[in-house]
Amino acid sequence: MFLNSTSSVSEFVGASEIGDTIGMCIPSVDPLLLGQLSVQKQYSVIGVLSARTGAGPQIMAMDDAVKATNTEVLDIELPRDTKGGAGHGSLILIGGNDPSDVRQAIQVALDGLSKRFGDVYNSPAGHLELQFTASASGACHLAFGAPIGKAYGLICGAPSGIGVVMGDTAVKTASVDVLSFASPAHGTSFSNEGILHISGDSGAVRQAVIAGREVGLKLLAELGAEPVNDFPSYIK
Amino acid sequence: MFLNSTSSVSEFVGASEIGDTIGMCIPSVDPLLLGQLSVQKQYSVIGVLSARTGAGPQIMAMDDAVKATNTEVLDIELPRDTKGGAGHGSLILIGGNDPSDVRQAIQVALDGLSKRFGDVYNSPAGHLELQFTASASGACHLAFGAPIGKAYGLICGAPSGIGVVMGDTAVKTASVDVLSFASPAHGTSFSNEGILHISGDSGAVRQAVIAGREVGLKLLAELGAEPVNDFPSYIK
Amino acid sequence: MFLNSTSSVSEFVGASEIGDTIGMCIPSVDPLLLGQLSVQKQYSVIGVLSARTGAGPQIMAMDDAVKATNTEVLDIELPRDTKGGAGHGSLILIGGNDPSDVRQAIQVALDGLSKRFGDVYNSPAGHLELQFTASASGACHLAFGAPIGKAYGLICGAPSGIGVVMGDTAVKTASVDVLSFASPAHGTSFSNEGILHISGDSGAVRQAVIAGREVGLKLLAELGAEPVNDFPSYIK
């Protein structure tokens, strides 16, 4: 599944067929380029995680990675991509003071992709994505406004109307805080997704995510084919 | 053509293979979700029409549906979609006071899709879309600024430059009011479409739309293959 | 490669299978339409170059074309397209006082596409694009902020993170002026591209572009397949 990670390019860290995701590290970024990047804080070591398909999985995998390493998330951008599908790709920049820290964070994120794609369900008509963490870190905070250290859940359906109904079911199921609802014209890069972002008590967030998944799977199946995940579901 | 509409999900109304369109009804929307949706007026019953491919046809079908039912259009959003094609998908939210009204409106819109896709012409290189109504209602008004009760016409070509020439031909053909011209950077979600919106006398609007279609079919054919419609043309 | 250019439509100039690009000329644009187009200066003769796949190549080809003809670039818009790929399509409007001038400019641009696609490299996972001119003209100025008459270079990678590393390599290689760096959320239409725009001494710009290309080819190949160009590279 994972591509060869030996390379003649010094900046290359690793790549994955999952979402066409590539991880790189610039050990000493040129100030002329750094001045043009959309980063708040200035680090000399920049890590890059970039994918054609998937934003939520890469962001969650990076959220796990920055918790485990001495790095910080600097920028998250969401291209309208998925290679003709309904969703986003992703560009994530992280910073650190030591190239080995940054390379480690990028590698941890790459290694976490299969888990974080576990609750991505695809059919020819659309897709669903569910994410959960018991303790949000910098990536979830920057991308989704999740309070750091609290449980966070993502409930997404495409075409976007399915996400509306999934979100309604989720908030009726358990007592959670609604952070926002993203839709084609608000909070997405014109993707065809409806995405509810929730926070709160860990058990409640998990319960709401699972309820959203259940109704989403039924609705998306109404468009002709059973949605399938490529990796085992991790939200139980 | 239409998919099975029996379902175990209470919110499901119906689905169509045409554009991967799904219709749903939330009989009593959760206030936490409602507060995050981009709706001006508050209804407790929310109808959802959501599609991967097509915005104009779904909007026109919903325009017909709200005229025939006791419902109101609350929000229309245009994802950049069409499953890798040049255009939009759609997310339409409607409101009503009675779930049976809302379900009926969604069903009327689903039933109207084949008509409203009648003047959508596809080729491997692009597409054309023509729409006409003798009397615009709430969906055309909200999405395109069409004056309610007056004739409205839509003249669209992709790649977008074809829409420029179609629009020029249309306004030279008959005396109509130009509402706007949408292009990749203005009035679309970065779709590759040029779209003229016109209003005015019913006969003139129809004549302009037909003239735009004629030149569009010739231009798009220059890119290699004859454009074809999947359903009978309704604008005559 | 080039499609038949005989046509019954007076506005048609020519078409190319390269990027599904069509060229047209409106000899006397209707004022009602002109008032809705996003053009600063008013010309009665409007030329249109429109493509599903490719923005840089068409813009560079038009940059060459306006230098060779008595025409001016009026508008450049970038749809999020490439038929499911990671990049843009393009809509370019030019103006002139004589239809023969405008038709000539459109034809010169169409004829230049194969050269300007020479350093576009595709793989199933993404693409690279490199462009260079020793003397930028109106199209590069309007689209990319290139100083007119100076050398200009474009260094683009997709997925976008590859463009970040290509850009870093480029600016470290030679002393150039950085005009801007475009990314999914800044300066693109949410395409999955990282694009460095540079200006300066002709030899330095060329050297930086070539260095960016070299690292980009290696990085994109890490995602599974060698990137290939459909036409001979022109930047040497």
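Going in written order, the chains are labelled A, B and C, and every chain counts its residues from 1.
Basically, a contact is a pair of C-beta atoms (placed from the backbone, for glycine too) under 8 Å apart; a residue touches a chain by one contact, two chains touch by 3 or more.
Keep in mind that what you see is a predicted model, and the values were worked out from it rather than measured.
A.B. asks: To test your reading of the model: what rotation angle superimposes chain A on chain B by C-alpha positions, in degrees to the nearest 5?
C.D. replies: 120
A.B. asks: Looking only at residue numbers at the chain A/chain C interface, is the share used by both copies over half or under half? Answer same or different.
C.D. replies: different
A.B. asks: Between chain A and chain C, what is the separation of their C-alpha centroids in Å?
C.D. replies: Centre separation, chain A to chain C: 31 Å.
A.B. asks: Going by the touch rule set out above, which residues of chain A reach two or more other chains?
C.D. replies: Within chain A, residues 80, 83-84, 190 contact more than one other chain.
A.B. asks: Chain A touches which residues of chain B in the complex?
C.D. replies: 3-5, 7-9, 11-12, 15, 17, 20, 22, 24, 26, 29-30, 32-33, 35-38, 46, 48-52, 77-81, 83-84, 89, 91, 93, 189-190
A.B. asks: Across the complex, what residues on chain A touch chain B?
C.D. replies: 80, 83-86, 125-126, 158-162, 164-165, 167-168, 171-172, 178, 180-181, 183-186, 188, 190-194, 196, 215, 218-219, 222-224
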